[in-house]
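Next come two complexes, and both contain subunit A; in the first it sits with subunit B, in the second with subunit C.
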Partner chain A sequence: MKNSVRLNSAAAMLVRILFAAVAAFPIVFMLVSSLKPDTQIFGDMSSVAAFLPVGNISFDNYAAVFDRVPAARFLVNSIGISAVTVVLGIFINSLCAFALSRMEVRGKRVVFTVILATLIVPFQTLALPLVWWVNQLPYFELNGFSLEISKGWLDTYQVQIIPFIANAFSIYLYHQYFESIPKELDEAARIDGAGWFKIYRQVVMPLAGPATATVAILTFLPAWNSYLWPLMVVQSEELRPVMIGIQYFFQLNVSWGEVMAYASLITVPVVVLFIAFQRSFINSIASSGVKG
Partner chain B sequence: MNKRFTRILATSITAAALIGSLGACGKGSASATTEGSNEITMWTHNAGNPEELAAIQGVVDSYNSSTGAKAKIKVQAFPQDSYNDSVVSAAAAGKLPCIVDIDGPNVPNWAWAKYLTPLKLSTDLSAQLPSTVATWEGETYAVGYYDVALAMLARASDLEAAGIRVATVEQPWTKDEFQDALTKLKALGKWDYPLDMGTAGSGEWLPYAYSPFLQSFGADLINRDGFQTADGVLNGDKAVAWAEWFRGLADQGFMATKSGKDSTQDFLNNKSGLLYTGSWAADKARAALGDDLVVMPTVDLGNGPKIGGASWQWGVTEGCANTDAAMDYLSYSLQPENLAAVAKATGTIPATDAAAALVPAFAEGGANRIFMDFSRNYAVMRPETPAYPFIATEYGKAVQDVLAGADPQSALDKAVKAIDANIKSNGGYKN
Partner chain C sequence: MTTSPLAARPRPAAAAPAPLPSAPRRRRAGFLREQISGWGMIAPAAVLLLLFVFLPAILGFGLAFTNARLISPRPVEFVGTDNFARLFADPTFWRALLNVTYFAVVVVPVQSALALAMALLINKKFRGVNFFRTVYFLPVVTSMVVVSLLWLFMYRKDGLINELLSTFSFGLIQGADWLNDPATAMPAIIALSIWQAAGFHMIIWLAGLQSISGELYEAAQLDGASRWHQFRYVTWPGLKHTRSLVLVTITIQALGLFDQVSVMTQGGPLDSTTTIIYEAVRSGFKQQETSYASAISLVFFVLVLLISAVQRYLTREKD
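Here is the complex of A and B:
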């Protein structure tokens, strides 16, 4: 009996190790290949050496990456764009959800339904009209002490951020979470003299930690992985995010070692975030059923 | 520890958010450029290709510092794979720059879409390789500094061991000789598949690489008389014969239906004996194999060897506010020393003989001169019609279907039906 239990747990462990290995192999291959010259990457491909740092190992590919692409600039851009989108996304979407959940306003169910309906429209169908639209928007610039107004948001940071702050799915997540927080807490705060914003800030939001973590992760991942939109709206190299950088390597003769080195560089921030917020990340996927 | 780390990370993100917010006030240098002033912007596809970009920048710097410069040219580089998408988006927003880089076969489509204006250059273009000048409806819309050429690469030692003669421009391999060569190479037993045709390729590679075989069989992508239908041309007997031959290479075990991701690297690692690729791979192969490398023309399948003509070229946009300066720059840039500098940096075929004379590898007797001969003798322009991007997509699908085992006639009929419907729905792509 005891032996059979041990055997079962050993088998379960083996299955887990196998699954973990399958998941880890691409990342290990990427990291290991980033240290090898191209000829060796392809030479090792048909053996286990493809996953081992053996042979001619060096950081040459990483040095070459920085020669070919302004990688540091792209990383800073993506960190900035993703962080601003997450912070503003949490604030705006939670406020919207709070209003829809707590305030008694006529037609709020219709508004909520319309917001949810936008979920079924794929971004690709909106992309071109959105390009035209953002190109019509006014742009304010401080020039010394005078405020100048020009037209068009193309080739700016805000065009990569603002269209992605309001998010129907984030509003939905917050709304559902707020609905589970007893309204009696609002009433008690109200008796103590709190206004709507104070209730939002000091009562509801502190209790909505799990929803905030989920929204933060589900906003960060697409912002970090953003490719199509910046491709369409950003022309200047100094404003490009990291994902565009990967295209720099696909020339007529592709240097695969450099591709792997760059891919490793842009994966590191996501891996660090994953390690830091591992529990919230798993909870977010489990609770939302969405993998970013 | 974990909590502390999380707190530090959260603080860092907030700080980054604040910094980002400040940065959000910034605007790109491309937008800051006012085309109405004496500066015009030029878009190019070679971000990530430092050699080519430096060569282009060199031409621009030379023009900008010349006494006759009519404007200051500003270079804006984009990655090649996503370049077309960036241009189409900019066109939709009315934000195209004055000068753009264009892949040759797309020129008629961009001219038809009113992205481009006909070129009025002070330079005589008759000295250019024909495949480096793009025309549509009698007007020249783009001109290139270089071309590339398709070829067969092999090791002389392998050919000798198998008793196969080296194909030459004067005497390329016939269909039967090619079959015989592949049989002999396979018999050497050195490779799983002796031939690598880059069948893992996608996008423009499919029509660029494989439609020349179709044309060598006597078929084509479209009836070039008016460019209104592909019926009878892309699905006729000769086209079906091409598809059966192509699929037969895989069926006989000569090539993989899906090759490795990097065919050149596989060839250099001795995973194939015969590589079908472009001139861009020659320098890398020569550096690795030295004198053992042989560069041969592609196969004559009945109507002579064929290769795709036209590479990246330059055009001036319809909305350019300073067309005069844009044309002046392009005329200036076509000087032999400029073409030679770009060809040297990219290993491509210089567009004129005068420029080739300045590049040792392409001068008479140079190691890469043979590619110039291929280009002059075998280049067939991809159909000069605005429908080309659609034709290319449908033909690419047909190639992949045939490789996957689809009935050749059905696969080609399907492509023809889609192409004809597209041409009809666009009113025949009339100007």
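Here is the complex of A and C:
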């Protein structure tokens, strides 16, 4: 009995390692190749050296990338766009889910159903009419002391942010989570004279950490990774996010080492952030439990 | 609704011979305040969804029946169902439909099963569990555009995939020119798509698994249930809601296949990897035929609706 348990867990560990190897090998290959000149990338391909930073290792590819692409500017843009989208997304979607879940609002079932229905509309089908539509929207700009109004959101930061703040899936996740928090807490707070916004801010949201972490991650990733949208709506180089930088490598005779360097450059910050974030994300889900 | 919403609720105060006049009025004020605050809280998200999801959707619907172009000096005219007639006569569209079906039929079961397997493997506490969770999620953190570029490099005839295949088969398998062969291009895209996205659905499964009470497992173990029986009678029923969520999201993602094709094959070779969305984007942005692209999007949307309705119905029937 004990032996079979041990055998089972050894087999499970073996499967885990196999899955991990499959998940990690392309990323390791990318990182390692970014440090090598092209001739060595191809030379190492048939051996385990493809996954090891050995041989002629340098950051030359990275230096070449910063020469070819305004990479620093792209990174700053993407960080700003993602951060604003995440913060506003957490606030607006949780607020909406709070009212839908915990308040007796007339017609909320219809609203929730309609919101969930938007989950079914893939972004790609909206993209084209959305381009036309955002170009009709008014654009307010504070220029010194005068407010200037012009038309068209194309080629701005907000066109990369505002359409992606409200998200049906985030509302759904918050709604699910709020349903699991006892409603008696609200009633107790109301008896103490708390208003609804105060209950949202001081009672429910502090308990919704795991949902917020999930929403933050699921909002951040598409914001950082967006490609099709900025390709269509952003022309100015100084407004472009990181993924558009990849286009610079489609042309000319590419050096694969440089391609891997740029790919690593825009992936590593996310991985680092994720690893720091992941621990609290997983731990909070595991410890507090999503269960009702 | 002509009656007061409060009248429906039995209130002992109202039935009492001498009701306190202030009590109902206070409740009524509370009710109104709740409506106003509630709608105020719903409004920001609702308005944004209205502006950036509903309106463009309706707009796209309307444009499908016109001759609109992205940039054109001519006024937009209503042309009825011309775009659809042209679309249904186009063999490339049917090929795209077939490709996407192929992709979805493989990706939906394989990816959800692999994601569930991964979630089960790391659900229990053990030394190094954080390491595995992080590694399994790594591909998801990597953007599909980066992933496509990376695998484009790995799928070369002299690329890493063929070197690995040759090494592990001791030279028996001669690698294909994956992305340039109509027979292997779609399987190659399927493999990398599953590789990239399985970790995302693993997290959804994992959240579902964590929501199943540990007491249920303890009870099952006391009854001498085997691991399989625990899975079959505790885990599987406990994942009811997660299951439909995962199935619906993977199917819709699969039908919306675009990024990989755009970066890796541009629909080729010989239309073997073109997809509905890719065709819509190609006609919409490259050829600037807004109306034709909108017609494709509309057909695609109806398809997604149909499939998820069927899927929801089926998952509901089983439970």
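The rule is simple: the second predicted complex is superposed on the first by the 262 of 292 C-alpha atoms of A that agree within 3 Å, B and C clash if a C-alpha of one lies under 4 Å from a C-alpha of the other, contacts with A are read in each partner's own complex, and residues count from 1 in each chain.
One rule holds in what follows: a contact is a pair of C-beta atoms (placed from the backbone, for glycine too) under 8 Å apart; a residue touches a chain by one contact, two chains touch by 3 or more.
No experiment lies behind these values; they were computed from the predicted model shown.
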Once the structures are superposed on A, label A:L128 by its partner contacts, choosing first (subunit B), second (subunit C), both or neither. both
Contact-wise, after the overlay, does A:Q158 reach subunit B, subunit C, both or neither (first, second, both, neither)? first
Is A:G80 contacted by the first partner subunit B, the second partner subunit C, both or neither? first
Taking the superposition as given, does A:R106 touch the first partner, subunit B, the second, subunit C, both, or neither? second
Tell me which partner touches more residues of subunit A in the superposed arrangement, subunit B or subunit C. C
In the superposed arrangement, which partner chain does A:I27 touch: subunit B (first), subunit C (second), both, or neither? second
Thinking of the overlay built on chain A, is A:I120 touched by subunit B (first), by subunit C (second), by both, or by neither? second
Considering only touches as defined above, state whether A:W256 meets subunit B (first), subunit C (second), both or neither. both
So, A:V234: does it touch subunit B (first), subunit C (second), both, or neither? first
Identify the partner contact of A:I171: answer first if only subunit B is touched, second if only subunit C is, both if each is, neither if none is. second
Considering only the contact definition stated at the top, list the common interface residues of subunit A for subunit B and subunit C. 42, 45, 128, 132, 228, 232, 249, 256
Can you list the residues on subunit A that touch subunit B in the complex? 38-39, 42-43, 45, 67-69, 79-81, 83-84, 86-88, 128, 131-132, 135, 139, 141-142, 152, 154-158, 161, 228, 231-239, 244, 247-254, 256, 272-273, 276-277
For the complex, give me every residue of subunit A touching subunit C. 8-9, 12, 15-16, 19-20, 22-24, 26-27, 29-30, 42, 45-46, 50, 92-93, 95-96, 98-100, 103-106, 108, 111, 115, 118-122, 124-130, 132-133, 162-166, 168, 171, 195-197, 200, 214, 221, 224-225, 227-228, 232, 243, 246, 249, 256, 259-260, 263, 266-267, 270-271, 274-275, 278-279, 282, 285-286, 289-292
In their shared complex, subunit A is touched by residues of subunit C numbered 5, 31, 33-35, 37-39, 41-42, 44-49, 51-57, 59-60, 63, 70, 117-118, 121-122, 126, 130-147, 149-151, 153-154, 158-160, 163, 166-167, 195, 199, 203, 206-207, 210-213, 227, 252, 255-256, 258-259, 262, 277, 280-281, 284-285, 290, 293-294, 297-298, 300-301, 304-305, 308
Residue set of subunit B touching subunit A in the complex reads 2, 5-6, 9, 13-14, 16-17, 19-21, 23-31, 43, 47-50, 76-82, 85-86, 89-90, 92-95, 148, 260-262, 264-266, 268-269, 271, 278, 280-281, 284
